[in-house]
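Data block below; observations after.
Order of writing sets the labels: A, B, C, D, E and F. Residues in every chain begin at 1.
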Amino acid sequence: MTEAPDLPGDIASVVARALAEDIGSGDLTAGLLAERNVAAEVVLKEHAVLCGTAWFDEVFRQLDDSVAIEWRHPDGAALEPETVVCRLTGPARALLSGERTALNFLQTLSSTATAARSFAAAVEGTAARILDTRKTVPGLRSAQKYATRRGGAVNHRHGLYDAVLIKENHIAAHGSVAETVRLAHELAGSVLIEVEVENLEQLREALDTDAERLLLDNFTLSMLREAVAIRDAHSGLRKELEASGGIALANVRAVADTGVDWISVGAITKNVSATDFSMRIV
Amino acid sequence: MTEAPDLPGDIASVVARALAEDIGSGDLTAGLLAERNVAAEVVLKEHAVLCGTAWFDEVFRQLDDSVAIEWRHPDGAALEPETVVCRLTGPARALLSGERTALNFLQTLSSTATAARSFAAAVEGTAARILDTRKTVPGLRSAQKYATRRGGAVNHRHGLYDAVLIKENHIAAHGSVAETVRLAHELAGSVLIEVEVENLEQLREALDTDAERLLLDNFTLSMLREAVAIRDAHSGLRKELEASGGIALANVRAVADTGVDWISVGAITKNVSATDFSMRIV
Amino acid sequence: MTEAPDLPGDIASVVARALAEDIGSGDLTAGLLAERNVAAEVVLKEHAVLCGTAWFDEVFRQLDDSVAIEWRHPDGAALEPETVVCRLTGPARALLSGERTALNFLQTLSSTATAARSFAAAVEGTAARILDTRKTVPGLRSAQKYATRRGGAVNHRHGLYDAVLIKENHIAAHGSVAETVRLAHELAGSVLIEVEVENLEQLREALDTDAERLLLDNFTLSMLREAVAIRDAHSGLRKELEASGGIALANVRAVADTGVDWISVGAITKNVSATDFSMRIV
Amino acid sequence: MTEAPDLPGDIASVVARALAEDIGSGDLTAGLLAERNVAAEVVLKEHAVLCGTAWFDEVFRQLDDSVAIEWRHPDGAALEPETVVCRLTGPARALLSGERTALNFLQTLSSTATAARSFAAAVEGTAARILDTRKTVPGLRSAQKYATRRGGAVNHRHGLYDAVLIKENHIAAHGSVAETVRLAHELAGSVLIEVEVENLEQLREALDTDAERLLLDNFTLSMLREAVAIRDAHSGLRKELEASGGIALANVRAVADTGVDWISVGAITKNVSATDFSMRIV
Amino acid sequence: MTEAPDLPGDIASVVARALAEDIGSGDLTAGLLAERNVAAEVVLKEHAVLCGTAWFDEVFRQLDDSVAIEWRHPDGAALEPETVVCRLTGPARALLSGERTALNFLQTLSSTATAARSFAAAVEGTAARILDTRKTVPGLRSAQKYATRRGGAVNHRHGLYDAVLIKENHIAAHGSVAETVRLAHELAGSVLIEVEVENLEQLREALDTDAERLLLDNFTLSMLREAVAIRDAHSGLRKELEASGGIALANVRAVADTGVDWISVGAITKNVSATDFSMRIV
Amino acid sequence: MTEAPDLPGDIASVVARALAEDIGSGDLTAGLLAERNVAAEVVLKEHAVLCGTAWFDEVFRQLDDSVAIEWRHPDGAALEPETVVCRLTGPARALLSGERTALNFLQTLSSTATAARSFAAAVEGTAARILDTRKTVPGLRSAQKYATRRGGAVNHRHGLYDAVLIKENHIAAHGSVAETVRLAHELAGSVLIEVEVENLEQLREALDTDAERLLLDNFTLSMLREAVAIRDAHSGLRKELEASGGIALANVRAVADTGVDWISVGAITKNVSATDFSMRIV
């Protein structure tokens, strides 16, 4: 099984924290187990996109590096219920001490990857692609950004430092969209500059600036279509359009069909619907 | 507004991590704002139990301690949509730089408190009470354990170190339930000793031990009722019964009506259905 | 040699801190040693209960994982003076660089385990068992809680979050013991609820509540005996009695003979009487 | 009350760790207290040298900065039993939540300062001064090094990086003491270079090197006296002599009377005999 | 004095580390100072761009928050030798204990800002702008990225996660530039996609892809001019050109004059030429 | 290849931080590489003293411990341009993901070692030796102190806690140099006590104290020579003289020739002139 090439840089410290909070001063129950090696399997109990294998591995590496784990599927695989995703062998005590912490990572990150995949699948065949947002679970941003990629979505900015989103307040401070975008380019240079517009009037104004992308927040479908038409008719560099606000699985295809380039969906990372996995001794 | 008396001990470090991941090398957009003080309000957009005010406060304390926050409701308050939960005053830049991180805490922890409240409310009037589990979001256990309390549920063990749950594997290693419980008491002393039983036969055996509580995992309603009857008919110290497995809002009341003492619900902490808050400059 | 199954979850970070404080910018003396592999032994110089082997191992794992350590006794073993507890082989420089830090863990934790063992032995044959307390050395709570278990004592609560101890101040706030215990059960659920009583009058009142355990603080032996008699004569669920205050090796047996169930001893963890170990190249 | 000028640089992080381990997911008992401000006093219950006030302050600063603390004595003060060392005012809940953690620092560090003071007092009037060692409680080195200074002892090296102690093994690797010292000076430069000698023959050899100090490990009193005489008769730069090994309060004065310059005492920092403090609401 | 709006999110932890490494177990010299309040000034001794005021402030906030600091110039100000940049008042001991750590931040970050300003100034009037790189001092990336912005340069990617730079190895794995860029867009979505080209042939090939920017590594001036001409003559979306490799102050203007859009300069962040500041009691 | 025996104790945490800042949520480009093992070499491009191999190793150990690294030269080796310093074999993706972070350590620490070597070489044959200072890059003090040793300089104090430098302000507080030195010895014991003198008058006064070393700050060459003569003529223990202030490669030899014992040079650690290394797949 191949390790994903684009893993976050903080897995060891994130896992150490999780282990410390679960194990505390020691697993009181472990002493009741016979000291012997066993094999176990982790079984996925529902349709889902697997994600979090490196965190799962790290839990056991930190706990007892004699545990061996053989993955049958990589992060990003869309799997059926009752799929055995990996097989572990090692001391029974280590397997049981690490079980909950390891599964907590798997269930949380697979949930994020699965949500991303659902949205990505819903817009397949259109020109639109799904973006994640900064609405993440505190402390897990890099892990969730990784999971959304595994699900097939695309990372929007990681934080306030690697892209600029210009809103009403900023524009108010400088008198015009054009002037604000110009200043943003001067301040922030080569990062993505995006302008949030609230109506078609603002859209037209923003199309004349150097912003790379325009955010259409809470536009109706017909407004989105009109926005696309206005953009297409506009001469000069083609600007990307991003729809956001109130996007759900039920309406994301309709939004994509309007012709926007990007659809950002907070639900992918702010909600967690833990994927059902269980570990069983075999 | 009163501060909750039972806040976790790691709020400052949890918030520092969240701020670092969002702000990185600096909020590029903040420079586009005029330098002025503003007031803002955080509005709850749906029915929910508020939770996370101390984390919200800490975000701004770390960012710019000239921000003043006045809460109108405490953690644990069940609120209506469109409720203003707090009012902030301070530099516009600090308010906008901290907005997302602060709201991420509020939306995550209010979700947990709200879920706990829903389950607690569903069993109101019965003798059963709701327990949380160790199925938590990695890195947020102490915060989520706090939130479930604010929601009206009760904390089950915090980790592997402060209670003992005896399962099939442990019993197999020692020949009998009684011997395993005896050993657990010897090893672990004054913490809660609980035995997981899989059928009524095992239940009867466990009733003769010194365990304080018995976990009835994945029992049907009729099995639960029978288990309660057997327990009630059993002489000696009354043992608590805990139901778990497949508990949802739709069936939790029926489970409670069987007469069990505790119902543990993984869904409260493993799932997050981010509560909808927004901040607006006023 | 078997690894203890109930080790704390934070060993790696506790050891990293200790190594950083000893080695700083580098072991200046190591450069004076020839580069060669040697064998060494750690010898216990006094009667003691061994504890801390996992921390000792971790010191060398972090320093130079080519060091091999073979333990001849496990944590919890009661050993004679001049016992060789382990044999190490590896680069002379690594052995000497890690020696002091590794021994500091061994001497501190063996001291705690030995103290716990002394108290546990003193009450052997009685129904009483020894509890540790929250009077610990800052930063080492999980390690010391582990060591007291290895010594044969039982862990009292780990912190303010996993049990409730009701004192005078709390009762004063609610008018009666009964009402305070009721509220505590409502707030804290399934954790141990204990009430501190200061005289026999309060004891009688507390026996009528739902508290699981009563703390008899600074009672004389005759008061303790009377308290046990009152408890035994009381109908309803039998409550556990815990004696505390001024417990020393000299009087702990007498306290145990009064019939109390638990005796909590701050001295086990708040004092350290470093066990004498030395490492020698062989 | 004046703050000590030479406090360690890591107080905030050491205290954060201690608070996290005690408070965990929240002080369950705090909710039982009425919400009101109270005053409290910390009373010393035995003869001791006070130490740890900055750690005590930091506990409450991190917990609730509305707590005000007025110290009546500074770190380093030798006090009588029943001395009120400080008075606190603030929310009852904060005072009780922080009480144990704050007292744990005070009792541990006052113990170290008191031990240092006892040894320092025992050699008063002689030319000898007391040194601490690297035998410290893991994680508290900087705090303990501070406490020994407050007690009147002198800090020996902080770790392996800021002084060189040449032992038998090092000398064996280079053929002679003189060559080893020469190399040490070359490697380590301006730090203290000390040579451990095991007999008078080695002492004479070491006196001819450039080492600043000679460690006389486990010398009898008569050997120490002879060593001093040999040193005094030796021409060239006067070398300091340090006695170590088996030093206790009972014999430290006799050791000092031999004329050695320094006496290093592991017992000061490796043992903790928690000083008795209690906090009471007034 | 206004605080810069785009400060990094990890200032407190970066400063805590620096203070811990300088102060260790305590400032031994501080005890020699009289206890009194003094005023001090920090004087810049050479031409430089000031940067690091927030880190300087944080040093004293953590050390003793009674120190007051009044800045006379903001981060980013280009100043003359002998300029007083700030005035501090507070306890003499705190000022001297924090002096070195605080100045170390100022001298390091002002150096980076000054270097950035020199390069930015050298290309003023051309269409080219200066980019920083990932060649930073370990542990200070967010601080240095902030400093380059204050100097007038623009941040290139912060790390491997927020932009894609396609090199020879990547192209070799996929057969063509076009296919590699297509895959990169699929994998990485909305971040900047840049292709490194080594000659004009590769440049032409890359111009036909969807990459936003082309990196011309180690091109001669005449090759750069030819590259610009080819780009300008190319139909389709205008691609940005970035020159890198061997850029120094002596040649950066000539590079800018070739018409490239961006010039990335490792020297700005990989070298530190500490700006000369001194603090003096006044 | 031999590992240096005197490595700092915090390498793992320093490297973890650097990796986290570069890799963030994942190396987006790694996914474009074929999954295969490759060999690579790190080539030094200029004359330099190699330093930082342990940090380089640790980067790959944390990233993917299947990477094997064979060093051809140890830390401290003075090497020619185009020297291959090490050969790596392992997964192409791991090599490229770690390349920049690993090289950043090598280029920074080799710069420090090289600077130290230049100054050390310049004074070779004189009695003077080169000292580093506390003017270091924040967060890298232990690494830089190690690098200066590898370069052939000697570590001055690590921080405020392991030596005492008495300045004008301290003397003013106590009336005389002698009294201040006496107090310093009392406070700080066995650490180096050094007195800064500003003119020959103060030098004479300081020669009569127990200070071990005198710092001659900003003395002209003739003043330094006179100071040496005065010191040599002075009866009593010979005091070491340290020159500091305005030392550069151009004048350091002349300073050494005056007969001073030590020359402290801030430039070694406060400036970084990144050594040029590159990694290439072979």
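As a working rule, contacts are C-beta pairs under 8 Å (C-beta built on N, C-alpha and C of every residue); 3 or more make two chains touch, one makes a residue touch a chain.
Computed from a predicted structure; not experimentally measured.
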**Message:** Going by the touch criterion stated earlier, list every chain that contacts chain D and also contacts chain F.
**Reply:** C, E
**Message:** Starting at chain B, how many touching-chain steps does it take at least to reach chain D?
**Reply:** 1
**Asked** Relative to chain E, which chain has the most distant C-alpha mean position?
**Response** C
**Complete:** With centres defined as the mean of Cα atoms, the chain at greatest distance from chain B is chain F
**Item:** Pair in C-F, B-D or B-C that repeats D-F, with over half of contact pairs matching by residue number
**Value:** B-C
**Length of the line joining the C-alpha centres of chain A and chain E, rounded to whole Å** = 29
**Fill in**
Per the C-alpha centroid definition, the whole-Å distance linking chain B and chain E comes out as 43
**Asked** Using CA atom averages as chain centres, what separation in Å is found between chain E and chain F?
**Response** 24
**Asked** Which integer distance in Å separates the CA centroid of chain B from that of chain F?
**Response** 50
**Complete:** Residue numbers in chain C touching two or more further chains are 6, 8-9, 21-28, 30-31, 33, 97, 141-142, 145, 149, 155, 158-159, 161-162, 187-188, 191
**Item:** In contact (per the touch rule at the top): chain pairs
**Value:** A-B, A-C, A-E, A-F, B-C, B-D, B-E, C-D, C-F, D-E, D-F, E-F
**Prompt:** Tell me, which parts of chain C touch chain B in their complex?
**Reply:** 6, 8-9, 129, 131, 142, 145, 149, 153-159, 161-162, 187-192, 213, 237, 262
**Item:** Touching residues on chain A, where the partner in the complex is chain F
**Value:** 2-10, 12-13, 141-143, 145-146, 149, 155, 158
**Prompt:** Hey, which residues of chain C end up touching chain D in the complex?
**Reply:** 14-15, 17-18, 21-34, 55, 92, 96-97, 100-101, 103-105, 107-108, 134-142, 158-166, 169-170, 173-174, 180, 183-184, 187-188, 191, 266-267, 270-274, 281
**Item:** Complex interface listing, chain F residues touching chain A
**Value:** 16, 19-28, 30-31, 33, 35, 62, 64, 93, 97
